[in-house]
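Labels run A, B, C, D and E following the written order; every chain starts at residue 1.
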Amino acid sequence: ACAGGSDSENTSEEPTEETEGTEGSEGTASEGAEGGDLILAVLSDASSLDPAGSNDVPSSVVQANIYETLVNRDENNEIVPGLAESWEQVDDTTWSFKLREGVKFHDGEEFNAEVVKMNLDRILDPAVASPRLFLFEMITNVEVVSDYEVNITTEYPFAPLLAHLSHNGGGMVSPASIEADYEALNGGADPGSVISENPVGTGFFKFESWNPGSEIKLVKNEDYWGEEGAKVDSVTFRVVPDSQVRAADLETGNVHIIDPVQPNEVERINNSGVASVNQKASSSLAYLGFNTEKAPFDDPLVRQAISKAIDREAIISGIYDNYGIPAIGPLAPGIFGYTEDIDAIEYNMDEAKALLEEAGMADGFETTLWTNDNPQRQAIAVLVQEALAELNITVEIEVMEFGTYLEQTAAGQHDMFILGWSNPTGDADYGMYALFHSSQKGNPGNRSFYENPEVDELLDQGRRETDPAAREAIYAEVAQLLTDDAPMAFLLHTEYLTGISDNVQGFDIGTDGIYQLRDVTINE
Amino acid sequence: MSKDNVLEVRNLQTSFSTDKGEVRAVDGVSFDVPKGKTIGIVGESGSGKSITSLSILRLLAENGKIKGGEIRYKGEDLTKVSEKRMRELRGNEISMIFQEPMTSLNPVYTVGQQISEALISHQGMNKKQAMVRSVELLKLVGIPSPEKRVKAYPFELSGGMRQRVMIAMSLACDPEILIADEPTTALDVTIQAQILELIKDLQERLGMSVIFITHDLGVVAETCDYVAVMYAGQVVEYSDIRTLFKQPKHPYSIGLLNSLPRHDIDQEKLMPIKGNVPSPHEMPTGCRFAPRCPAATDLCRAKMPELMTDDSGNQIRCWIYSDEWPGEKEVNVYGETRIAKG
Amino acid sequence: MTKYIIRRLLQTIPVLIGVTILVFSLMHLVPGDAAKIIAGEGASDQTVENIRERLGLNDPLYVQYGTFVGNAVQGDLGSSIRSGRPVMDEIGARFWVTFELAFYSTIVAVFLGLIAGIISAVRHYTLTDVTVMIIALFGLSMPNFWFGLLLIQWFAIGNWMPESLEFLKMRPSGWGDDWRQVVLPVLTLGTGGAAIIARMTRSSMLEVIGQDYIRTARAKGLTERIVVYRHALKNALIPVVTVVGLEFGGFLGGAVLTETIFAINGMGRLTIDAIRTRDFPMVQGTVLVISVLFVVVNLLVDVSYRYLNKRIDLN
Amino acid sequence: MAKQELLKVEGLKQYFPIKGGFLGRTVNHVKAVDDISFTIYEGETVSIVGESGCGKSTTGRSILRLEEPTEGKVEFQGVDLATISKRQMRDYRKDLQIIFQDPYASINPRQTVASVLNEAMEIQNVLPANKRRARIEELLETVGLLPYQADRFPHEFSGGQRQRIGIARALSVDPKLIICDEAVSALDVSIQAQVLNLLEDLQEQYNLTYLFISHDLGVVRHISDRIIVMYLGKIVEIADKHSLFENPQHPYTKALLSAIPVPDPDKKKERIVLKGDVPSPIDPPAGCRFHTRCPFATDKCRTEEPKLRTSDLMKEGHEAACHYMEEISAGAMQPNY
Amino acid sequence: MSEETVNHPVTAKKVNPQLESFKQFWRRLAKNRAALIGGIMILFFVIMAFLGPWIISTFTDWEPNKTSVANKLQGPSAEHWFGTDSFGRDIFTRIVFGMKLTLYVGFLSVFVGGIVGVILGIVSGYYGGKVDTIIMRLMDVLLAFPGILLALAIVAVLGGSLTNVIIAVGIFSVPAFARIVRGSTLSVKKLEYIDAVRALGASDFRIIFKHILPNVMSPIIVQASLRIATAILTGAGLAFLGLGAQPPAPEWGAMLNEGRQYMYEAGHVALFPGLMIVVVVLAFNIFGDGVRDALDPKMKK
């Protein structure tokens, strides 16, 4: 999942990745009264409300409030019970889940093991052609043991399975909806169309209406199974693509929450007296990738030199107004597998020059740097271009439209490129496997065309290893290898900036960008 | 002002301001329009015929201006009266038919609406009365089934019919004077014959005066009582019709008649007038016809002759007929002999 | 008349076929694979292949085109690749927004443009005329996205507005639930159109005033008022109507920038987003709908010619 | 001296399609020229007269293949111009030239007189390039212009002078036949006479043949040897000029002659005023095309088309297309106005 | 028999007629004050496009692409006349350097569209019939296709670059030229001098290029100068949507787009490029109007 960079103005099309997030921060003394309509101004509209139907953030943030998953992750990135009360790993490849009883879908259908099977089978069904299949493709069998017990078998030992199940791609859809959807599919309709039109889950909000391109409205689920349901009566996700306008809407009180806020707007909002900006570290990575199959980028020295020539602090302060932290590796702090104990590449122009000289490239060369039409990435490109000029490297920037960009970087036609990667499962596997495993070249994520048997080996191990400590060690080793090989220059981890009206309490956003809306109250 | 003239034009001067300076399009035009008579104005293209008629109605283009002279209509000098008064006269007492029947009618209104307008504004009729009268007028000008045609748009009519509509329009308020500026030039001969008959007939019946502008001497011969011959913005000869055709005096008039190919008699060789009409920007200083005139003398080239009235009341602008004539007594102009006065 | 309209409608068929071929081939020339976009990152080749098969993307192009046209004729424009919803529904949700925007903007443009144009023509070559025309030229030369931004800065963000005028603040974005949202985008689009209409009206009026039939009208002794407003204006309006029609058509398809600036959820933005996400059916659908509208508007213009000027022979 | 046939037109038809309907199908035709035949002999002047739209110009243009004739033969010195290829036709164009009505529109305003004439010679490869200049100046003198005017632009000339340039252009390729399509109609009488005289002189000098198209019967009488009267795409009468003016046979010719005003106030003659307008050539009346306006029309005229024929009343070579020529001149039929 | 031309003295005063007609055009143009102003402005912009960057790089140390994050978003001052942008680059310098790009887009796209459009228009008008029908239906298609979306789609196909923007805007201008030229061709074709040269046996090629083309030039020139204005606007619009010039090129539309993010705290960033677009487009519009008046025979007064 390429992170679109949530701060972009045109990310609607970028298939960024995300997971659920309901449990989250516990009800922080909500002084606000219950009820009211919470209005969020968001960058773009959801594309589908079928958990299996799309793979982008704007859809996820809505889905996460309608559907629930078997397991959840708390703010410390720990797996906690969701619709499954408990679970255990039966053997290397089999997991057994005990389900919560008495959970009802919004349409009154019962949640049980059969439903879990139906949902997972559906996502695996080639006819459904789910874009989220990759999350679950290692699952070979879902077995209903009893009404409330289900066994999941994977093809190979797969440690991050729980993390994947916490992704809201694993949101549970009402069996009636699934049946209706299949019926429509047989009648020629597109898969997911029924579910997306009328999403039915078990969450604390129910779907109310969707005016495409404009707004989605959810209402409180009065019959929520948990002890604490939603506080507000309804939530409206309103699409407001222009950031200035979002800010103005927030200030004039037309909306309660805006997402995202541009770094340069933070000060203005904080000074407005009616709202303030919420900062939250994100799990996503912005990177500058090299085509490691193409000269001169097949030489790690050149890659390291370039990586060293980039002043990450300058980027963060200049472009992100300091809302972000420099990246030392692919994983953001807080992600399972993150480590600081590596020999990270640091900004040093002299060393960069020396490295380039060592590579025999003291006179520099001409190359291109690709980016898509995301303003921040373009800005990074401009700064990189300037920095590399000092190494005598002449860089020509080419801005592409996102679709073209993905296609052509997947095809390996690039020299250097700027892209992002987000990590909705909070697991190192998600943050590294697709980016660096040689089996994942091109479209799946490895656009650097990086190939290192050692790394491949370690990544495969990391998946199979069930002991968390052992896994962490494996990923730390990978991180060091990546630093040395420098298949990409890790740039930064951005922060989620959301504008919140002073009337709103209890709002939070996950590291994956998912809004935590259950405990929100409005005080007007 | 003699009693039976409804209109007397005296030394009219009209000029236009253009890129290249001022252009005197009309420079010394005088003629009388006797009551109930038809006077013709002939002359070559660009000689100022249309500008003369537009000056009378004060309908010149924006860059045009009457610079001098008088236009006396029933005692009023039209060059001096207010615009409001002018509007009262236009279309009511003096009306006009234009050369181009195709473009002179407004394409977006029915002929009935266009005829009615003058009636409503001058005669205070209401729409209904005006329509009824319009039908009568169409009938008067010989349009078949006028009740139907009154609702027609101009494009639905042929050229001849449109010209009839124009005539009906100009007759709407029983004008004293009808100015017809080349009303048949755009039409075919057989249609022209229809229209000429119609105008003659109407004049006899309604007794109005007509100013008939044309460059076709045949038309003049058939329709007019008096003729003003214009050359380069001036009237060079004004006389009754028979005198002009039988005993033309001005060399230009003689030349004009000579150079006319005729279908009723055989001519061996045409006798053209040499040279070209002078451009309005470079008018000769003396007589404007002098550069082309076979009888021109130094006097002609140096000094412009005045318009002189002879015993029979005809007018002529030529030195030959003045006391100052320096040349021979018998002047040969295009093979015809004229007796000079001096 | 009915016959004429039917014939004209039939004549638009080749044009629409051309438009569909053009948009179809353009979309298939664009690099970027719809199936991959749907499949998302990390999808296996098999998944992509499944999707390609499902969408019929493996058929030869002419078959795909045939299917598209065949369905379109029955009013089925297929389903959006991005949302899976029928394209007709997606368009339906935005159509009226764009239509209203275009409609109000046209009204503003016609109203301002006609007044300015007539004043200018009647007072031609005076100071008034020059002033009005300079303003119009300015309006014409102003990129409307920039003008829109200025308006937002003034009236919505308000950071250039003196505090005493704060009551003038407008809602900056969206469309519909508050009349104050409508004002700025309509002004943005409408003023540019007004400039064009003003110039057209002026030159058309001046041209008409030089016509023979105006002289005829004056020769009838009519007052200048009647001459100008009854005889000249109606004729002068004919070319103006064409411009108005084109403007309206242009507003329908070309409000992209205005829609972007004011965050209006209209057809223009829908199309741009669709182009960007390689949502072929959506692009084809929107372009087809906009083109049909454009063609229909042109037809209406021609019919109104007939009303204004009976001379124009529709056959 | 036997008259030499130069141009023979046989059964010439020129229909212009009227487009309409779905996808611009041809829905009807303007029958501008509908089956006409005549012959022109070397050195003579033949005129075509008739009202506007009767097909005079079209006839001229079809002969030159400026429009491709719909049907019929145009034999020039025995060669059918209507069937040869376009390329071959280009060679024949040297012999057939045309002078147009509008002195303003008939010369490219962006060319000097010299380049107009030079181009003509260049296209037909008349002279080697280095000799052309001399020829141009000679031509200008021939038509009464001065050699130094060669480098001027058309707008610096008066209408009459421009018409002379047009004549010079036609002469520059040494043609045999010149079609004069209303060549003097736009000129003022005093200038018109100059040009008519010039045309006559040139004819003598170069043994030219003219096909003279005009609606002005005065001009026609002056210049022609023979006259063709057309009405609505058909020839209604053809005769040498004296027979035609003194002894017109077709009721249309008679009306036409009587309709022309004579510049002589003493000749107040009886005028035949025709009713109505010329019908449209799209759906011309059946039978005799003139019957809708003819004061003598009978049922036969409405159904049966009269052929061109001669009769005892007429001199040799005089033909008219009327069923009732004899009856009318005998006074056996009364006009019905 | 030649006698009548007596008005002219025989002393041949040779004039260069080609020059004369140009002079006449120039005189009329010069009389139109607005056109003159527009022309002078355009001239000034062209000079600025070529000399401006040179002057700036020779006499100052300003650079269009030199970032200085510390100086970002400063308002206009003596040091930075138009202020600085979000990278701390001097906006005035960027505008001067961007002039060339703007004119480049304007001129070149109109050139491309003009050539294609003129050829299609002449062929269509001259040959008529099926050729005409086909070409004109094609133009209808292009016209019915919403303009900016067409450009957008073309840029999407070809990829974003200034050249592709030029192609897109060029294609977008084709129908306007084709229609106008076709119309003029139809009327010029009817003129008798075309028949005259045809009667002389001239080839179609000669007729089209020697006789028709020069005589439809005036509407082409007018259309071209007005189209340049439109092209600049369209190009800027595309840049505003993020298509076109590649960063850090100082294309004005792109600068405007960048500035849009900072409207609240630094309005000048979007103001100056926008203002410059208005001024340049205005110059072309004024000039085009003036040329039209100067070329229109009806406006002789």
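Everything below uses one rule, namely that contacts are C-beta pairs under 8 Å (C-beta built on N, C-alpha and C of every residue); 3 or more make two chains touch, one makes a residue touch a chain.
The chain list, named the UniProt way, goes like this: B = Nickel import system ATP-binding protein NikD; C = Peptide ABC transporter permease; D = Peptide ABC transporter ATP-binding protein; E = Diguanylate cyclase.
Here the structure is a predicted model, which means the values were calculated and not measured.
More C-beta pairs touch across one of B-C and A-C than the other; that pair is A-C. Seen from the C-alpha centroid of subunit B, the farthest chain centroid is that of A. Rounded to a whole number, the gap between the C-alpha centres of subunit A and subunit C is 38 angstrom. Rounded to whole angstrom units, the spacing between the C-alpha centres of subunit D and subunit E (Diguanylate cyclase) is 48.
Between the Cα centres of subunit B and subunit D there is a gap of 32 Å. Shared contact sites, meaning residues of subunit E (Diguanylate cyclase) that touch two or more other chains, fall at 3-5, 156, 159, 260, 263-264. Annotation for subunit B: residues 274, 276 touch two or more other chains.
Looking at subunit D, one finds that residues 23, 160-161, 194, 197 touch two or more other chains. The part of subunit C that touches subunit E (Diguanylate cyclase) in the complex is made up of residues 14-16, 18-19, 22-23, 26-27, 29-31, 137-138, 140-143, 145-146, 149-150, 152-153, 157, 159-160, 210, 250, 252-254, 256-257, 260, 268, 271-272, 275-276, 283, 287, 290-291, 294-295.
For subunit C in complex with subunit A, the touching residues are 30-33, 36-44, 46-48, 50-51, 54, 79, 82-85, 89-90, 93-94, 152, 156-157, 169, 171-174, 260-263, 265, 269-270, 273, 276-278.
Partner subunit C is touched in their complex by these residues of subunit A: 1-2, 10, 12-13, 15, 17, 47-48, 50, 53-56, 126-127, 129-134, 137, 189-193, 196-197, 211-214, 238-242, 244-246, 248-249, 252, 254, 401-404, 406-408, 410, 434, 440, 443-445. Put simply, subunit B touches subunit D in their complex at residues 44-45, 158-161, 188-194, 196-197, 215-223, 241-242, 245-246, 255-264, 266-267, 269-274, 276-277.
If you check the complex, the residues on subunit A that touch subunit E (Diguanylate cyclase) are 9-10, 243-244, 247, 262, 264-265, 267-268, 314, 317-318, 373, 375, 378-379, 381-383, 385-386, 396-401, 403-404.
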